[in-house]
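Both complexes shown next keep chain A, but they swap its partner, so chain B is in the first and chain C is in the second.
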Partner chain A sequence: MLKINPEFRKTLSQALGEEVLFLCYQCGKCSAHCPVFHRVPDRFNPRKILEMAYLGVEQLLEDPALWLCTTCYECVENCPQTVNFVDIIVTLRNLAMDRGLAPKSVLDEYQAVTNKGFVYPLTGRIRKVKEELGLSITGDGDSPSFQQVLEVRHG
Partner chain B sequence: MAEMDQTVFTLYTGCLIDRRFPGFEAATRFVAEKLGWELKEASGFTCCPDPVWVRSSNVETWLTLAARNLAIASTQEAPLLTLCNGCFETLNSAAKILEHSPKKAETVNQRLQQAGLSYRQPVQVKHFLQVLVDLYRQNPDRLTSLIVRPLHGIRLAPHPGCHLTRPSEYAQFDDPLNPRALDEILTAIGAEVVDYPERTHCCGLPIFATDRDLSLSMARDKVSALQEKADAIVVTCPSCFLQFETAQALDREHPHKLPVFFLSELLALAMGADPKALAFQAAHRVPIQAILEKLEVYTHAQS
Partner chain C sequence: MPNLKNPGTPKEEPRIGVYVCHCGLNIAGSVDCESVAEFAKTLPGVVIARDYRYMCSDPGQELLKQDIKEYRLNRVVVASCSPRLHEPTFRRAVMEAGLNPYLFEMANIREHCSWVHLYDREAATEKAKDLVKMSVYRAYHLEPQIEIKVPIQQTAMVIGGGVAGIQAALDLADTGYHVYLVEKEPSIGGRMAQIDKTFPTMDCSICILAPKMAEAGRHPNITLLTNAEVENISGYIGNFNVQVRKKPRYVTADCTACGDCSKACPQTAPNEFDVGLATRKAIYIPFPQAVPAQYIIDPELCLTLSKGAIVCEECIKACEKKAIDFTDQEEILNIEVGTIIVATGMDVYDPLKNHDYGYGLFPNVITSLEFERLINAAGPSKGHLIRPSDRKIPKTVAFIQCVGSRSVRDGNEYCSNICCMNTVKDALLIREHWPDTQIFVFYQDIRAFGKGFEALYRRSKEEGVVYIRGLPSRIEEIGDHNLRIYAEDTLLGKEVVLDAELVILSVGLIPRKDRDAIQKILALSLTEDGFFLEAHPKLRPVDTAVGGVFLAGCAEGPKDIKDSVTQASAAAARAGILMAKGEVAVEALTPQIVEDLCKACGLCAKVCPYNAWMWSKEDRKPPVLIEASCQGCGTCGAECPSDAIVMRHFPDEAIYAEIDALTEENPERKVLAFCCNWCSYAGADLAGVSRIQYPPEVRIIRTMCSGRVDMDFVLYALSRGIGAVLVSGCHIGDCHYITANHQTKKRMERLWVRLERMGIRKERVQLGWFSAAEGAQFAAKIREMVEILKTVTPEEIEKTKEILAKQWKVPQAALRATAFVRPERRMDEVATRPSAS
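Moving on, here comes the complex of A and B:
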């Protein structure tokens, strides 16, 4: 059973801005334009996600649907109420990530970028192709100081 | 602010072109040289970072790393030239977010200061297609006079991709629901442009990380829709390229494959580039010989 949690609703509206959740009038245009909804309507429905966010259903953070939005922005461009569904899904994903609910593949990419600076490693094969093409090569860790900007200092 | 010189850019190659498709950088450099552009180098860039999963993991990390790249670019006094829809989305959106929110800019600058950097001088972020189509609209001959190998008789299906024009709030380029800039360029280089109802549909790449089959089905639907209509699909984003290639390489049911090209590759070929200088074999898993033969371009690497 879905449960409404006023505290969760408060957290969400603070993160998104007070008025954002009130804008949606559930017309469903977002879902009508969503390429993922068209394939798997039972698993991913933007209109329903907005409804649950509006109500403050905290189980949203554990819903696998959260990770099926491609961020193609078709919904955003077609919304008559200027609701930015992508911003909302990103906020929900950030909250899920903070609670350790993100899929491993997402966590792996986040760690690759924050540890090495890049999503993809530079393989020997590509290094060789780059040399043959006369292109400059940036190895992992050749981007000095990038991790320093991520350190959060207190006081 | 005075109009910046639009022939000098700082080149930003991101992750995927830098680490998977170096031929796309070579092709772009070839085209830039033909057009008389100067591409400056800046050192120390990282991944843009990814507008989907890094932003979905932690918005502050996303904005801070984007601002760090912008801070590095801001020392060059030239617009930042991106070759990827994702890099364009991240860097362009981040630049505009920081411009419109002094509070966020202050927080980010405090973090940049920890590495001795600052982002105070706004950087203009451009996608390669944006610059090219602007130039073409102002002076078509500048582009068409360079075409020595026109793509006559080749039916190309444009796939503009999502993040080149959306969200329009930040992208402010082309029509977000009916983008046509890519069509204009493909027509200019002599190709026959194929129109199809699925043209603006997402390739599905982002959710390859979270639901592989669903993700690949999105690309396969586009490829199937084009099977009879087009000789190749053309993209302006290395992520879309990767997705269309992967979707076909892993598809054993359909032996007929649709070649995928990155826009710069076709421009470079049309401008007379030697295919050996484009490293096709490092990027293409779907065979492209049929197209090269039509253009009377031959390379041993394609055997």
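Moving on, here comes the complex of A and C:
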């Protein structure tokens, strides 16, 4: 069962703007255009994510579906009501991160970025090129400027 | 009688009654009405102040009448809703108590206060007090006025000959009034003539329309002007002069519509009536039932007419009745009418703009209007529904709903009202013609709200029409020009694919592309959707803000045939009421001239949009007003450099008095907004009705037109320490007084230069245009004004005052206005104004 949480709805309304939430008519054009939906319709449906956001279903933040969107903008391009689904998904991901509700793989990546400044470990070839160019190979995870960027992200 | 001798000088001692209406909780919910009434008692001239639950109710009005007698009131202020709503009600009430209706004044504490400051009771109450004070100060300067009555011509004009126009014309003609029915196309009939069947009864459209068309054609009280366009309209309620351009037909009334000419004609073009699906000749009749049943020549297609020399005369040879006349000329007709009904209809959305569904690319993707012609017995396929690519009967047909409707992206946010039922009807029609055809409808909501609609929707389901909830993402052409439709069935949450042989786009209705011409000629307002705006959405749904002009049919908004006919009859009744009365009282808002002050410069004559001031350069005499031409915008009054013009009911003194009232306390924390009666004041009312919240710092002064706003009004407000001023009116081109707001614009530009030169920040004085439909935009502007207000420091205000004290002279009228509250001024400062003529 999905629980409608009025408080969470208020949070979303403030974060996204009420207009973004009510514009949707659930016409289904976004999902019909969505490449991810075409592959895994049971796991990702932008229309349903929007409906859950509209209702204020807090479980949405735990839903791994949030992390399946490729932000390709097909839905945004084709929405008759000009709903910016990509903005919405990014906001929802940020909320999920803030509450530590993102999937472990995402949290691990986040840790990797904040610690090292790299998402993926350096391969030998990249390391070589970097050394040739005189770039740091330890990552910038602890540099003050990098931390600053993260802070800005948190607003 | 108005005090012509000394307008503006103190007359009898004011005895003002103030009535603060609760309007149930509409006002009392956010405004402490009792304390407003208590406050009113402290104002100069106020003899009695009360608060009451519903002032507009019978007991409320009774209370007012009793008080007028008991307390010998000579001015009445009601603080309630917008004067645009109840001013006539209260004017009648005070009149019944023996008071001149022009001695009544209204403070708008609902639309402009309680409804827009719902959650700030303290600020709303303070503002309401200010508004009441402004009205009391203004009331003192009101004078009794006599309204002149103008006769109403007993003829009407209906613009547009669709079903709405025909119905309105017939109703008026049957009542006994002569009607001119003007139609742009060669035949009346409009969109309804193009449609095959009508919902929800499925009866034949032309079968029920043709008798009405014929009746309109032969009615002794109807003059049919087809192939004709309204060029210009001058005049006012009851007395319009309409210029109609009647284009040449090149075929005389002797035509029997036998069609021999058409058979002989060698020139061919797409037939507009069949939406380009069939052809017609250069000499043609749009459709068999056309009224007048008279052929017409397309001059651009005809070999002879387009070349300007006789190169072909096949039609002349073929015509036994000798009805063809190549020398036919365009005519300009001048027609005097008392009332006008605008029934100009709509256009259909053009899906070429919408690339999703391949319209224009794939031959078997058609619009619902094209479908009507394809299924119609008189259409290009003789009523056999065939698909365009190969003329085969389609086995699978898909409809797609909301094409061009309910879409922010396509610019039409509204629901087009008819498409759902039209599709249900069309689906049933296909099943009637080809029972084996499978029909699918892609929709987002089915709106079957009318009488008999749900039953028809149900019937279509019984007939096997399948409804899929979800708008397709795209359509691909597969082999044989068949179409593959991709969509999400939103109820399943799965992608579905359907192969169809014909796709019908259910296109929405849009405002007519040539709407602007009529809108500008008549100075009508538009809704945000672009349809004509009614005077009141519920209580005056077929009136416009322009007296004597009414609306019918889709010109007012998308609607079906039944609603168009209903509205047409209503419009005819409204126009008929006016004409039956025979005369109408015109508000006494015209100016008077004080000849001793007039320097005969002629500026008033120059700025008047109606040429109502008679003045000649040679005479150098004060101008003379043509009362019947003047509409009372007040632009002359604002422009007059010697303040020699006194606007009835809106004299300078009254406006200065209002400014005085609102600047008495904390003027630096206030925004003064001048709003014109027709657009921006109505827009502010709409913000109220829509409960759009905006900051409470604003105080609105109503003038009939923004053209009335004298530069001195703004300077006076600044000299009194106001924080910011907004002057607002109708959009340029939409002015109720034709071009009066052009003067506003010019004047404001001059004012900004002047302010800059004096060293006053010109950002503090803003100009804004808002239509009656732009409540949200008005509210947004007020928010912006309050942001500006925040940047104004007390030092800046003081400096402004100093600058103005040195460089600007307070007008006499302002001194007279303030004498009311500051009696000491009456003696030493105020020169009595010389007598008016």
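Quick note on the criterion: the second predicted complex is superposed on the first by the 124 of 155 C-alpha atoms of A that agree within 3 Å, B and C clash if a C-alpha of one lies under 4 Å from a C-alpha of the other, contacts with A are read in each partner's own complex, and residues count from 1 in each chain.
Please note the rule applied: a residue touches a chain if its C-beta (ideal position, glycine included) is under 8 Å from a C-beta of that chain, and two chains touch if they have at least 3 such contacts.
These numbers come from a predicted model, not from an experiment.
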Of chain B and chain C, the partner touching more residues of chain A is B
| said: One more residue to check, A:A102. First (chain B), second (chain C), both or neither? | reply: first
Which partner does A:F37 contact after superposing on A: first (chain B), second (chain C), both, neither? second
Going by the contact rule set out at the top, does A:C79 touch chain B (first), chain C (second), both, or neither? second
Q: Pick one for A:L12: touches chain B only (first), chain C only (second), both, or neither.
A: neither
Task = Quick one: classify A:C24 as touching chain B (first), chain C (second), both or neither.
result = neither
Figure out whether A:M52 sits in contact with chain B (first) or chain C (second), or with both, or with neither.
neither
- Query: Now for A:V119: first (chain B), second (chain C), both, or neither, which partner does it touch?
  - Reply: first
Overlap of the chain B and chain C interfaces on chain A comprises residues 78
In the complex, chain A touches chain B at residues 35-36, 39-40, 67-74, 76-78, 84, 86, 89-91, 93-94, 97, 102-103, 105-107, 109-110, 113-114, 117-123, 125-126, 129-130, 132-133, 135-136, 138, 142-146, 148-153
The residues of chain B that touch chain A in their complex are 15-16, 18-20, 22-23, 25-26, 41, 43-47, 49-59, 61, 64-65, 67-68, 111-112, 114-117, 162-163, 166-168, 176-177, 200-202, 204-207, 209-211, 214-215, 217-218, 277, 279, 282
Chain A residues touching chain C in their complex are 23, 25-29, 31-33, 37-38, 41-42, 45, 47-48, 78-82
Listed in rising order, chain C residues that touch chain A in their complex are 356, 402, 406-410, 444-445, 469-474, 486-490, 493-495
